[in-house]
Amino acid sequence: MILRIGYDIQFEIPSLVAMVALLNVHPSRVADLRDADELRVEPAAQTETYIDSFGNRCTRFVARKGTLRLSNSTLIYDCGVADRVSPDARELPVQELPHEILPYLYNSRYCEVDSFSTIALELFGAVPPGWSRVQAVCDWVHTRVSFGYQHARPTKTALDVFTERFGVCRDFQHLAVTLCRALNIPARYATGYLGDIGVSAAPSPMDFSAWFEAYLEDRWWTFDARHNQPRIGRVLMATGRDASDVAMTTSFGIADLRQFTVVSEQLPQEQAEARLP
Amino acid sequence: MILRIGYDIQFEIPSLVAMVALLNVHPSRVADLRDADELRVEPAAQTETYIDSFGNRCTRFVARKGTLRLSNSTLIYDCGVADRVSPDARELPVQELPHEILPYLYNSRYCEVDSFSTIALELFGAVPPGWSRVQAVCDWVHTRVSFGYQHARPTKTALDVFTERFGVCRDFQHLAVTLCRALNIPARYATGYLGDIGVSAAPSPMDFSAWFEAYLEDRWWTFDARHNQPRIGRVLMATGRDASDVAMTTSFGIADLRQFTVVSEQLPQEQAEARLP
Amino acid sequence: MILRIGYDIQFEIPSLVAMVALLNVHPSRVADLRDADELRVEPAAQTETYIDSFGNRCTRFVARKGTLRLSNSTLIYDCGVADRVSPDARELPVQELPHEILPYLYNSRYCEVDSFSTIALELFGAVPPGWSRVQAVCDWVHTRVSFGYQHARPTKTALDVFTERFGVCRDFQHLAVTLCRALNIPARYATGYLGDIGVSAAPSPMDFSAWFEAYLEDRWWTFDARHNQPRIGRVLMATGRDASDVAMTTSFGIADLRQFTVVSEQLPQEQAEARLP
Amino acid sequence: MILRIGYDIQFEIPSLVAMVALLNVHPSRVADLRDADELRVEPAAQTETYIDSFGNRCTRFVARKGTLRLSNSTLIYDCGVADRVSPDARELPVQELPHEILPYLYNSRYCEVDSFSTIALELFGAVPPGWSRVQAVCDWVHTRVSFGYQHARPTKTALDVFTERFGVCRDFQHLAVTLCRALNIPARYATGYLGDIGVSAAPSPMDFSAWFEAYLEDRWWTFDARHNQPRIGRVLMATGRDASDVAMTTSFGIADLRQFTVVSEQLPQEQAEARLP
C-alpha cells in the first residue's frame, strides 16, 4: 500500500532561536519513499541535515521572530503487514548482547531504571523470559494505565506514570521501556506516523505516535504498550533511549506551538497503483 | 612528571553476573602511558574491549560467584600543567555548535535540564556569556553545596543537589552540568584520577574523581565545581552526559562492593626520569 | 454589600463511597450569613457535620451509586473592604509565636519546606523581615509563575511549581506558603469564594479560589500570590496547611466529577438593602 | 517491670535559635512514671510546655550559641506484655470512623497516599480486610525493604522507600503507614523508646525507635514494619501523621547534632521491686 504522510506545525517565535527537528522518515525507510521527503521551513531558513548518534535524520536551522511553519507531505510504500509477532524470540543474557545495544539497558531522562529494579522483578520475575516477558510488560502497562491528553506533561517520567496511572502515548512507552530495561531486556523509544489502518478511527485528531522496540534474539522488535495490538502502517521517524532523545522539535529558546496537524492515511487503490513496486 | 595510577576493587558476587567496566585511561591519554594499562580480573574471565558511543574504552566480562577483584597499576606521563584557564573563550550560539555536541545540551538521567531553564536564567542571566558564565556556575555550586560522603546516594539528581545542598564529587558536577546546559552551554561529565598534587592532601582516602567539561569556542574545557581551582594531574578515564553513562562498573545483577582503593601519586623524580620523554 | 454564593457540583458514583465535603462557609463567617448555608445532597443522604482540627466545618455522608449532586445557594454580608494591607505588621521570632501556630512552619504534603530552606534565604534573605518579606514572596511568585488550567495536577508540589513555573491558583499559594515557612513565617492555605468584584471579569468560568494567610504580629493576614492585589469579597470556607487538608470534597473511593459551577456575585443594591445590617 | 529510659543529646549552636522538643513520654504513659520525667536543658533556658494538636507533650525554648545539651533519665513501669495481637479486629468502613480519625487517611509530608492508591490495591486488594490486611502490609514492607543507617536521609518519602528498598526505622513505618491509608485504613506514625527486651541485643547503639499504629475496630493498635514481631517495652513519646509531625527536636535555624545516646533497659529485679505497684 501507499501512505500519504505529512504534517503542518506552526510556532510563534518571539526572538531568533536555534532549532533541531526530527521530522523526516528514518533512514531505514528512505528506500520506501515514493516522493520527496522534504521538511519545508517557512519563512525559508538555511538548514543543515545530519545523522545523530542514534541514526536519526536531524535538521537544524535558526528560526526568526514571527510565525514559523514546518510542513511536509510525501508518499511512502508500506508492505501493509502488521507488526511481526515472534513468541519464540529468545532473550539474550546481557553478556551476549552486542555492545552497542548495552546503552539501552541504562537509565535515561524519563526512564529511571534504577528505581524499578525490584518492582520489575516482583511484577514479572515469574513470567518466562523472552518475548512473553516483554508482552507481559505491555499487557500490564496497557491494562493499568489510562489514556488521557489532559495528563500529558513534559517532565513526566516512568515513575510518575507508574504512580499516577494516567498518560499519553509516550508515557505508556516510557513505563514499558523502563520495566524491560529493569529486567535486563534492551528497550528503546520510537516515534513516527501511525494512521488508523485496519482499526476503527481514533476519536481524536491524528498526532505523531510513540511505540517502543525491544531487543530479542538478534534484532529489535516493535511493541506498543499504548495500543497493544499488532498494527499496520507504522512509519518510523526516530529511535532513542526515550522521548528526550527524539523530540520532534527542540528549540534552544522560546517557541510557542500554535498549530499542529499530522496526516497519515492510505492512498486510495487507484492512486496507489502507479506507485507500487 | 610521571604518575602512578591504579586501583584495587573487590566485589562479592552471589551468582553469575555480566559486568561492564570503564576502568582504563581514556583513549586520548593512551599515548602518555609508560606501562601497560591492563585491567586485571581475578578470577580470570574472558574479557571483551570496545569503544562506546562516547569514545570511552569499556571492558565486558562475566563474573562468577565468589570474590571478584578488579585491579590495575600503571604509569602515565603528565605535563604537570594545571587545568587551562581561558577567560576569552567565547560561547557559541547553539546554531554554530557542531551537531555532535548538541546532545550535551539535552536532559539526561541525573541532569533535569528542563527543570532548570528558568532557575539558571535567574541565577546567571546577568553574567556575561562564555567562560565567565561557566565559571560563575562553578563558583555558585562550589560555594552553595557542602561536601559529605554521608550524602551520597545513587539516585541523586541535580535537582536533589539544588534543594539539599549536600553531596559528593559527582553531585557537584551534575548540578553544574545541568545549569550550563540550561544556559545553552554544552557540558559533559568526566571521571578519572585526581591525586593531591600541588594541594594539601585530602583527609579522606583517595577515590576516583569527577569533574566536568564545558564546550566553549571550539573545544571542551575542564571545570571542577567540587574543587573549583585549576589542578595538576587529572587523568581522564571517561566522559558522558552524566554519571549514568560512565559508571566505573555496571553489573546487570547483584555485585556487592567490599573493598575499594585508588592510587594516584607522583613518582619520585629519580624514578620518573627514565620514563620522561 | 450582599453576595450571592453557591455551587452546583455533580459526580458520577460507580459504587457506594464515603465522602467528606468542606462546602460551607468558615465558622468565622457564619454571623455574616443572610440565608441558610445548607449543603444539599441529592439523592438525599444522611449527613454528619463536625469541626475538624483546623476549625473548618465538614460534612460527611455516604454517596450511593449513580449521579451525586452537591449544591448550595446562600447570601452573605460582606463589608466590601479590600484585603487589609499593614506594612508595619512585624514578624515574630519563632520563640514568640503561640504554640498552636508552630505547625504552620512545618512541612506538609504539597509544601516541602525542608527543600526550600536555602533557596528561600537566597531569594529573600536580603528583604527586611515582616510584611515586606511576605509581600516580596508574593511578588516573586506572582511574577515568576504563569497561570494555566492545563498545568493543574493533583500531585503538584511547591517544588514542582518552582521548577515548572506554571500552575493554577493552588499552585501559586503552595509555593508562596512554602517559601514563607522556609523563612520561619507561619503560613497556611485558604480556600473560598472570590468573585470578580472591583476587577474586570475573569475570562474563565468561576471556580472556588485559593489564597493564603501569613501570621504576622498577632494575627493571620490574607495574601494572594495568584492575583497579588487586595481584593474585595473573599468568603472563607476553610484553612489548612495545604490543599491536602482542605479539599472541597474527598472521596474514599471513585467519584468522577461531571459538572462544576460556582457562583459568587454581588447582589444588586435594591435586593441587597433589605439584608444589610 | 521497671524500665530506665533516657537520653543525652548534644548540639552545637552557632547562633541563637528557637527549638521545639518532643522528648517526654506521651501523656498516656504519665501514670506509669516512677520518677520525674524532666527534660534537662543545659545551659539552662526558659522552657514552655504544651500539648500539641496530636496530643503530644512539647517543650519550647531558645538555645543560645554554644553547646546545647538535652538530657533525661527516668523510670517507668511497664506491664511487660508484648504488643497485642488481635486477628479479629475488624476494619471500619470509612463512614463509620470517628471524624477525628479521618486525617489519618490523608496525605502527609512523607506519605504520598495519592501516589499509592492503585499500587496498594494491586498488592493487597486480595487480602481480607482488617487485621490481616495491616499484617500483610507489615510483612511485605518488612520483607522487601532492607535496613541500613547509610540509607537515611531527612527528605526520604514512602515512595522513595518503595523504589529504593532501603531505609531506617522511620522509612519502614512511612511506607507501611502510606499503604494502609491508601487502603482506607487509618494509620499514624509513633516514636518512643524500644529496648532489646526479650530479643537479642541489636548490634547498633540504642536509638529512639519508630513504629506505627493502625485504627481497627474502635482503637489504635501497635504495628512495627521494621521488626515485625510483637515486642515488650515500647514507651510511647509521640504520635503524628508522619515523622514530620513528631521530630524529637525541631530547630528553626542551625543546630548541629554532635552526640546522641539513648537508654532503654529493664531495671534489675531487686531494684525494680520497690517501684512496682
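Every chain is named by a letter (A, B, C and D) in the order it is written, and numbering of its residues begins at 1.
Everything that follows uses one rule, which is that contacts are C-beta pairs under 8 Å (C-beta built on N, C-alpha and C of every residue); 3 or more make two chains touch, one makes a residue touch a chain.
As the structure is a computational prediction, the values presented were derived from the model and not from experiment.
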item	value
Interface composition of copies chain A and chain D: same or different, split at half	same
Averaged-CA centre spacing for the pair chain D and chain C, given as whole angstrom	32
Whole-Å gap between the CA centroids of chain A and chain D	48
Distance between chain centroids, defined by C-alpha means - chain B, chain D (Å)	42
Shared interface positions of chain C, touching two or more other chains	112, 115, 155, 163-164
Chain contact graph, described as a line, ring, star, complete graph or other shape	complete
Complex interface listing, chain C residues touching chain D	18, 20, 48, 50, 52-53, 58, 60-62, 93-95, 99-100, 102-103, 105-109, 112, 114-115, 154-155, 184, 244-245, 250, 252-253
Residues of chain D that touch chain A when the two form their complex	112, 115-116, 118-119, 122, 144, 159, 162-165
Residue ranges of chain D touching chain B (in the complex, touch as defined)	150-151, 153, 155, 163-164
